[in-house]
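Naming follows writing order (A, B, C and D), and every chain is counted from residue 1.
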């Protein structure tokens, strides 16, 4: 039985694996200065329509957030995130470990509202002793969010406008970016998103790579000393080619988008089947993660047949279960799953 | 016009100043190993009924919280505090600067409820990937709270029981401890409080000292290497005598309590006058800080006559104003203030 | 022309690549709890003769040093390293970024002498105000060292004895361990080394893996909360299988040692040819790194034909050049190189 | 018997104490925004001939170094200091605790040589992978040094020129500045020193204050968010007046210089007596600290009569003893001491 627990259960997408095999015995410079990273950089620049953008490759998501955020903040500043943001919950305090507070604010279906942020910042600076507080230094959001939801172009534009008003860089963690860009009904493209933030992380691991995240400095230049910062946080891979080769493949012939699109279709099939059977969605997600409210008993029953992601405890009797699809999910896998509902 | 903005507007209580004058020209060892610190340690041990307790003197409150908390936590742990806790709001990220998250939970009139904490911890460990999260490593509360409120003996006992159940040290920040211990209606004494927590900070600055906080390790021994940690955080005073002399005086003939008691009486007079005039208390505080809801206009009017502490913005039209008394407040000062209401 | 610049210019050793291909489409749990990590753990335990040892897999060397060292130190402690130690020079301050000083002491051909360490520690604690100093909390060495040199069993035993006397854990960074264990003339085996330290890092990246380091807690249990610490430092790979698969292969049929042995042989051929041609070795290394003193002109001449590692500037006219071999170096590559001398 | 162990054994200079008494019952704003801090700021600006300089008051020296250095460095940068520098040895890793390496370089009688620094920086940037190293971000020196020695105006100018060439701010820790400025034979005045560095700390504690250091941003503006940084490091005193009052007094009628001058004279008398008796100076110090080489037996003999500062262990038989004078040292105290030699 295929597991729908997450989108990193299998190895590399076959095309990435093939690229790794083919490139394996060329000699390359280390630390991201190899030819594959150069090629991947070029493709990402083309894809984003930003021929001058600084593009860097890091290994994992937590590490990427840690490096980017600690590079952009002054020591007395913190990063604003919704309470459900990945850095606020599931990164074991990686940001605080660099000396910075994650300033947690409420979310709406995983999203940060521009109106809320505007109010929050206005009130912050209106307080008498705001300089005894951690100063907001940047804003962090995820796209898609932890709940698989998306910002519309309007929502993102409004948010970015508030950030600009207060001179706060906006950083978008796109660990699952491809699923977002290919979601049914979204009006945000890759070219849009890089124009609506200052730094974007294009996720690889959850999009079919063995490991790897691409950081694009789209609204700003990369900070001085960035390579040294990457090294300092233990995020500089000696064989940086591992990342370059894979991102090169991901951005060849639209593979990145295809992976997103197909996984989304399968996710939709799962949710349709669930709602048909009378299960209650926790919320509406147009991407590869689907969330359903079930009883403890139902969850235990499912666990007899597969690995289940117990995403969130709701109350004594109910929890949210998450089903996730990725490049490795086949229609047959979905059929088998649906039969168990 | 006397200012009721805070409890640190004047210098030292006259008896502390006299002690400083009298001790000034004796030669003493540095860094807290002087005779005055020794004497003060002895008095605090007697007062708390804990003849073996480790007692250390630090300069300021933020610094004390920083040293104590960073000394007790493992790198992967955070400290639980209510959202209104001093470390969560008004210490400029001092805890995060040492690499630790302040795990913020809701407050009830500034207090952390034992029932809430129990539920929170139970749910935390029930989550599937709790080891991807900052682990709770200790609990921080203030006594009195930022809103001047107090825990009853029962509330404190319940809270400490939850902490013990999860092996989390409980640290009480008593920056205004004396006001709390002398509050009308409280059933918590100094001897109680040291038995209901692991570490206690006995505040000096807001109780009449020029500077100084006493840390009492009451439920545990002080951590190994504590002096080096104090030094590392820039909190080791060369002329540690400054702290010893003042705490020695504060704990001579019950001065610490007298200061608390008299300031509380004056604070109560202020709140009585305010309510008589129809002002709405923000909440009920039995200690030296009183909080009242007023319109922006009213506040601006008062500011023509005195310095006012704008404590919190409530909405577009209203805010919370705080009135604070201390050793330097006279009945005449209160009379003058009341006349302005 | 093959480059001898370093031991991480090519991808994965063919047997590791094959293992990755074969395992690619099995579904596995994330974060190092997969079957391949389990198998690799088992093989390393067998290899070290420590069936109970905690073994964890991390991505890179700097990251591994950062996680291990910050997990073992108290906040007021530092790690002792020779000035040429990797953490002291080439990790961009990764240790300091976690709040700890690297206490630098002199090296002898890259090594820390037991006699020096004993004297250093005795004097440290003899100083009057040693508690105003960073306290030594552990000892870090590399094996082989940055200069390719090795400790004899006697040297290592003596060093470990000093560490034990002062209760300082000894951590060995074996980024190139396989080359050390297979060096001609060494009397230290894998079973020896794990008995002569508390924590050992078995390097993967420089031994033929795409990425990966194995941490073995041989003289102690892994610290409480280690997984959370790994996560916090951005070192927890979602697809941890990438590491498990490779280490499983490295410790199948003695591959790890074979890689070391063969690379050492080729390195020896290079140094023989150099000395025959009259070049001066910088020092004697029995492992896969060879260091030779050359004039700036000679170096520039070589650079016309290949990438050269300018290891260290000696003076205005001379520098140290390093030649490195690895699994990908063939005898024919060596022949071609030698022809250029 | 008067102790010559250090310059912080007694309380406040009588004129400072008087100022504290006189100001005690005025009400002042908190956190350094009081009238006394304003007055002291004005006097320091006049004294340094820099009417626009930012001047801030902090409590202690370690804390001041921690705040200033962590405010000026980027995360990937370290601070250059000689191995004997206070931050490198006796601040318990306060700088590393903020995430930054102290890049230690050799000293000459406690001083950093401009020629050495120039060479060091040239070589640093000439290395192939210097961006894998902590980047030099600023330079720290003490004036007088830990050995009581002084830079000449030429030496300081040369050093500052090197710093400027590499865009590295120069920070001078003048914990004992007054003794330096009044040393016999020095050609450096207060107006010189502020023109030869970017940030200067004017020490108070060791110059007669109970506590307090003044930071003068002379070659640059204070960094953005400095107050919040001060708060974050636990260095913001609620009753900031304590610092303002004392610095106001120190810079009234040249008191700061008088204290320095008279203490230096007494120190010179001590060293004259020592050399007359045949003791060997460790080096030549023109300031209030004098260093003499003595046998262990001699030191033990002296310790029967007074507290002795065992400054440094030289070898099995000899150590360096330090004698220190300050405002509280009388000629009679010196007479008594000399009789014991």
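Quick note on the criterion: contacts are C-beta pairs under 8 Å (C-beta built on N, C-alpha and C of every residue); 3 or more make two chains touch, one makes a residue touch a chain.
Keep in mind that what you see is a predicted model, and the values were worked out from it rather than measured.
Which pair wins on C-beta contacts, A-B or A-D?
The greater number of contacts lies at A-B.
Based on CA centres, what chain would you say lies at the far end from chain B?
C
Please tell me the distance, in whole Å, between the geometric centres of chain B and chain D computed from their C-alpha atoms.
So the centre of chain B lies 33 Å away from the centre of chain D.
What is the distance, in whole Å, between the centres of chain A and chain B, each centre taken as the mean of its C-alpha atoms?
So the centre of chain A lies 41 Å away from the centre of chain B.
On a C-alpha centroid basis, what's the spacing between chain A and chain D, in Å?
49
At which residue positions does chain C touch at least two other chains?
75-76, 91-93, 97-99, 131-134, 228-229, 231-232, 236
Per the contact definition, I'd like the list of chain B residues that touch chain D in the complex.
Counting only chain B, the residues touching chain D are 2-3, 6, 8-12, 14, 17, 20-21, 23-30, 59-67, 91-94, 97-98, 205-206, 210-211, 228-229, 231-239, 241-242, 307, 328.
For a test of understanding, state which residues of chain C touch chain B in their complex under the given definition.
So the residues of chain C in touch with chain B come to 70-71, 74-77, 98-99, 131-135, 223-225, 227-229, 231-232, 236.
Where on chain C is chain D touching in the complex?
75-76, 78, 89-93, 96-102, 104, 123, 126-129, 131-134, 309-313
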